[in-house]
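Presented sequentially are two complexes of chain A, the first with chain B as partner and the second with chain C.
Now for the complex of A and B:
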């Protein structure tokens, strides 16, 4: 490896080093606060190392990894999400009885796994990244072992993830059997001259889709989502909703672009049916839920369906749409779960919809932030979510996919109902005079609220002035 | 200079955001500084930009500043662009300058109100929306401002929401203007469909070559825009909301329901004048609506006893004059009357507010009286405002603006003796009800004692407005007073000149007639309500006259007619259709989705075995679909 390789890989190396460093700091018996602060610093460092990526992109580190602009963009989103989750975690875990320090080590490892996914161009690195991410998540989900939901969620995730990984591996093996390589570009070249896909390859791809579909929680591999979202500690839930999905979407997009999979109609038909099923089932399942975490879990199924809709045309615009939607979705979902984290108490997570009653009269700022995030998820104009959805619709209509666009609209209409239900709950009733609460961690509370306010500002900013982000997304587009 | 343009609407927007977010935590002093200060800064900036605009007209006759493109999809790329030409400059000047004076007045007027911050937040939001409306370079942005001012009007009419009638008035205003707004939105669709753009200068340039004069589509578009205009500007037949809108605080009436928002319709028609010119029928309708409205509202104003309702009807009537002028093709005359009207009507509303407050919230003019010596500043400024409203010749600004419209009603290409007679009769009534209001309020015996006296913050804006109500008319003199036409010269950069009929003379004769009519009106009111009030009593004994009086008092029975024609049938249908038939369809959809939800919920059993089976089934499905196709 040359010096340039090291520079290109510096974010990954930094994340790896950080996890080791934090482990050493824990051995030195530093307090939770110091561990949190140093991991925050390391996250910031990793984030800024992205700015020093050599611009001679794409930079290949043969045969496993490639660092191009798109990878940098996705890594940026992933590390930024890790950073936000890290900030929001302090109060949440400080309140709990378990020793919270090792949590940060796992956070770094999972972020690393997702970043490897974003840069991978080979089945080996894909699988390695996926497993680094998943194994870390097992522990994160079950972190608060005293709560029985946590262990249950962790076990469920463990069994199902292992099961689906088996599918994934078997699918890779079949494709290897057919093409003789595990590198995306060589696979693509071997398919280049073929008018249709050989059955062995198709079977392999189908098996792989089971594994990928499980990670993305699209229908019909979605059933774990609600249980795991609900059972996991809230910061971890926001991590699953953003980081783990973003990495997988990135590698999926890269794989399809490199092998030029968009020209094979059976593949597209399958993706389309998955997208349609996800949009309908996800939105319907969320309809009458009383648990806000479960609502967001089901809505995430629908949102991943929307992302697939963006991906299906395989045009330049659809890649932009995926990137834009991903960015908008990350910011929004981090904000929503952030509010939930802040409102959680030692005993209970703020997940029952009743606990949001009259929130506006008690904490007007938090209620406004949460409303903005929910409106953005619903795709109301002047929020980032609207522009994202508009982009997706434009991309799919441009390519003539009327059917899925239509389902997307129907799904959004159904979705509006449960988002508005939460909002109306927050504004209903009268809380009287807001009472002054004694916060146990005023500084961190303030920092968390400021971070969430900034994210809300982004949500509205990208809705009113999307050109900035569109330009950015276009610059960091995946080359076809 | 154009790069500073964005700051004009930005100041009030920032003021709104700060007050809305932090209003609860700020002291009254700071609320006043932010609320009135933001608009004052805009006014100062408008002076600076306006000065540079006037001293050297920019190339193309406008400043424009593109802030950003909102979305860019195929041909649809709405830009956030501000556009300042002579027409918008007049409006921006009125909005910021009079707006600033009204804000300063409000600092004292609202001082005792518990919702001080909410008041200023809404007012700032209003000023921002109104500025957006007149500075927008495309109809989409204009529509955003249009809806924004409607929302603020609703919020401010219902400002004292504890009283249910105020809430009712606010809803009435919102719903009735919504009728016009909807028509206008459809008009925008028609325009976009026809031209593929919503950028106003492009539309105005394209329209004459795309549509020939009198084309049906031009008529449709113009009619739809006109419907939007009459809703906002309270013209026949959508005028009924404005008198009830007086439920809001007096500064709100002055700013929104006299000086600015209600003239948005005038702005829209003047801005889109090319489309109206392409449809002579619609232009005739505009003139007809204006003429009818000015008469109907004038008669109603003559019978009111609530001082603010007199002013409300008078506003409807004066906007009727502006519509008449627009319909006559006297574009600059309409805008001139808009500006002068903004000065004196804002003055009258603010002065009336001061009177009402001084008399402990007494609105009834018949319980006022004798205030001439008790409230001298209010008296003198109110007198000047009234003189301008009554168009007292030579010395008042209102004379110069109204005289122009009267002249064009006769002499312009579209003018006719009937329109002229109506406008003249309107002038007579205006003089009469203005004198009646003046006499009842300030002369005669004091019937209510003065509670407290207005402070400097309230009187200074009155004096400034009074100054303009007297002297602003001198920037545009009638043709036979020497060719001094500063105002119309400026506006002719944007608006076409008025075409006169050939061979029309005798402007002086018409002016003398107008003078006679004005003094006639004043004299009549003087006799009836001051000198010999017993005559009124005598008239009141006659039954037919009394019913006519009641008819006028109720605003020509429009509310009752609408009650019978629209409200009652709808309520009736709503009652017999309690279990809505159409709703069944939607309920069916709801029930179906809920059932689907229940059905799907069964799959969420929480059992791991079941989840694995789900995974396997999914895998089988995928593989079989793939291999079969």
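Now for the complex of A and C:
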């Protein structure tokens, strides 16, 4: 490896080093606050190391990794979400019964796994990245091990994730058998001259889609989503909703672009049916839920369906739409779960919809932030979510996919109902005299609220003036 | 020339017969693993299944992987398994419970479904052009060179994977001491 390779890999190296460093700090018996602050610093360091990426894109580190602009963009999103989750974790875990220190080590490792996914161009790095992410998540989901919900969610995730990994590996083996390579570009080259997909390859890719679909929680591989979202600690839930899905979407997009999978109709049919099923089932299942975490879980299924709609045309615009929607979705979902984290108490999380009753009269600022996030998820104009959805619609209509665009619109309309239900709950009733609560960690509470307010500003800013982000997304586009 | 070809075909045929016998053993023992009521019997079948898998690896020209399979899975992990199972002393009650759970009424539906899926899969695989693979032996030196040559980053990533597993297990596994009486409570180190 040359010096340039090290510079290109610096975010990954920093994340790896950070996890080891934090483990050493734990061995020194530092307090939770010190460990949290140092991991925050290390996250910021990793984030800023992205700005020193050599701009000679793409930089291949044979045979496993490639660092191009798209990878840098996705890594930026992933590390940024890791950073926000890290900030929010302090107040959540400080009040809980478990020693929260190993949590930060696992957070770094999961972020590393997702970043490896974003940069991988080989099945081996894909699988290793996915497994680092998943194995870290098993422990993170079951972190508060004294609580039954957590352990149950952890076990469910463990069993299903292991099963889906087996499918993924079997699919990879079949593709390897057909093409004789595990590197995306060589697979693409061996398919180049073929008019249609060989059946063995199609079987393999179908099995890989089972594994990938599980991680993305798209229908019909969505069974775990609601239980795991509900059972996991709230910061971990926001981590699952953003980081683990962003990394997988990135590698899926890269794989499809490199092998030029968009010209094979059976593949597109598979993706389209998954997307349509996710949009419909996700939105319908969310309608009857009483638990905000479960509502967001089912809505995340629908959102991943929207992302697949953006991916299906395979045009330049669809890559931009995926990047834009990912950025908007990350910011929005982090804000929504951030509010839930702040409102959680020592005993239970703020997940029942009744606990949001009259929130506006008690905490006007938090209620406004939460409303903005929910409106952005619903895709109301003047929010980032609206522009993202608009972008997706434009991309799919430009390529003539009327059917899925129509389903997307229907799905959004259904989705509006349950988002507005939460919002109306927040504004209903009278709070009476707002009583002064004694916050146990005023400084961290303030920092978290400031971070969430900034994220809300981003949501509205990208909704009103999307051109900045669009330029950014175009600059960091995946080269076809 | 002709004789040489004939011997080659005979060789291939022999390898094929070996492969099918081994594959049969693997499948049969694996089926026995999941149908036994007694866990110790199931584990013994699992050992056989792993052994026959390693024979398949050997036939495919990967003696190093075959040995690893025996040393790691059949050797270390299975022995641990059997010890733990024997220590747990699972006896007749578990067997009866398992028997009660495994009624044909329960498993016949999934079995039919998965048989259909399997038939589809086999059909798809046989439909394809038979893949031509060249048999070439992958010994330990070749494995080492590729691991610490081009796939060095993969090895490092595997190390981080293990670290995630170890840290996670250490957290989930650690237990606070349960205090039975307040007089027995030790002073908390502050």
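Please note the rule applied: the second predicted complex is superposed on the first by the 480 of 480 C-alpha atoms of A that agree within 3 Å, B and C clash if a C-alpha of one lies under 4 Å from a C-alpha of the other, contacts with A are read in each partner's own complex, and residues count from 1 in each chain.
To be clear about the criterion, contacts are C-beta pairs under 8 Å (C-beta built on N, C-alpha and C of every residue); 3 or more make two chains touch, one makes a residue touch a chain.
Computed from a predicted structure; not experimentally measured.
Chemist: So if we stack both complexes on chain A, do chain B and chain C clash, or do they fit?
Modeler: Here chain B and chain C can both sit on chain A without a clash.
Chemist: Using the superposition on chain A described above, determine whether A:270 touches chain B (first), chain C (second), both, or neither.
Modeler: first
Chemist: Looking at A:281, would you say it contacts chain B, chain C, both, or neither? Reply first, second, both or neither.
Modeler: first
Chemist: Should A:95 be classified as contacting the first partner (chain B), the second (chain C), both, or neither?
Modeler: After superposition on chain A, A:95 lies in contact with neither partner.
Chemist: Please indicate which partner A:203 is in contact with in the superposed arrangement: first for chain B, second for chain C, both, or neither.
Modeler: The answer is both, since A:203 touches chain B and chain C.
Chemist: Pick one for A:390: touches chain B only (first), chain C only (second), both, or neither.
Modeler: first
Chemist: Using C-alpha centres only, what angle sits at chain A with arms pointing to chain B and chain C? Round to the nearest 10 degrees.
Modeler: 160
Chemist: Scan A:474 for contacts with chain B and chain C and give back first, second, both or neither.
Modeler: In the superposition, A:474 contacts neither chain B nor chain C.
Chemist: Taking the superposition as given, does A:132 touch the first partner, chain B, the second, chain C, both, or neither?
Modeler: In the superposed model, A:132 contacts chain C only, not chain B.
Chemist: Check the residue A:65 against both partner chains and state whether it touches chain B (first), chain C (second), both, or neither.
Modeler: second
Chemist: Can you work out, in whole Å, how close the C-alpha atoms of chain B and chain C get once everything is superposed?
Modeler: It is 6 Å, taken between the nearest C-alpha atoms.
Chemist: In the superposed view, which residues of chain A touch chain B and also chain C?
Modeler: Overlap of chain B and chain C footprints on chain A: residues 199, 202-203.
Chemist: Which residues of chain A touch chain B in the complex?
Modeler: Contacts found on chain A: 155-156, 159-160, 163-164, 167, 199, 202-203, 205-207, 209-210, 213-214, 219-221, 223-224, 226-227, 265-267, 269-270, 273, 281, 284-285, 287-288, 387, 390, 394, 414, 464-467, 470.
Chemist: Could you pull out which chain A residues touch chain C in their complex?
Modeler: Chain A residues touching chain C: 1, 16, 19-20, 23, 61-65, 98, 102, 105-106, 109-110, 112-113, 116, 124-125, 128-129, 131-132, 135-136, 138-140, 142-143, 145, 154, 177-178, 198-200, 202-203.
Chemist: In their shared complex, at which residues does chain C touch chain A?
Modeler: Contact set of chain C toward chain A: 121, 124-125, 127-129, 131, 150-154, 156-158, 160-161, 163-165, 167-172.
Chemist: How about chain B: which of its residues touch chain A in the complex?
Modeler: 68-74, 593-594, 596-597, 600-601, 603-604, 606, 608, 610-612, 614-615, 617-619, 621-623, 625-627, 629
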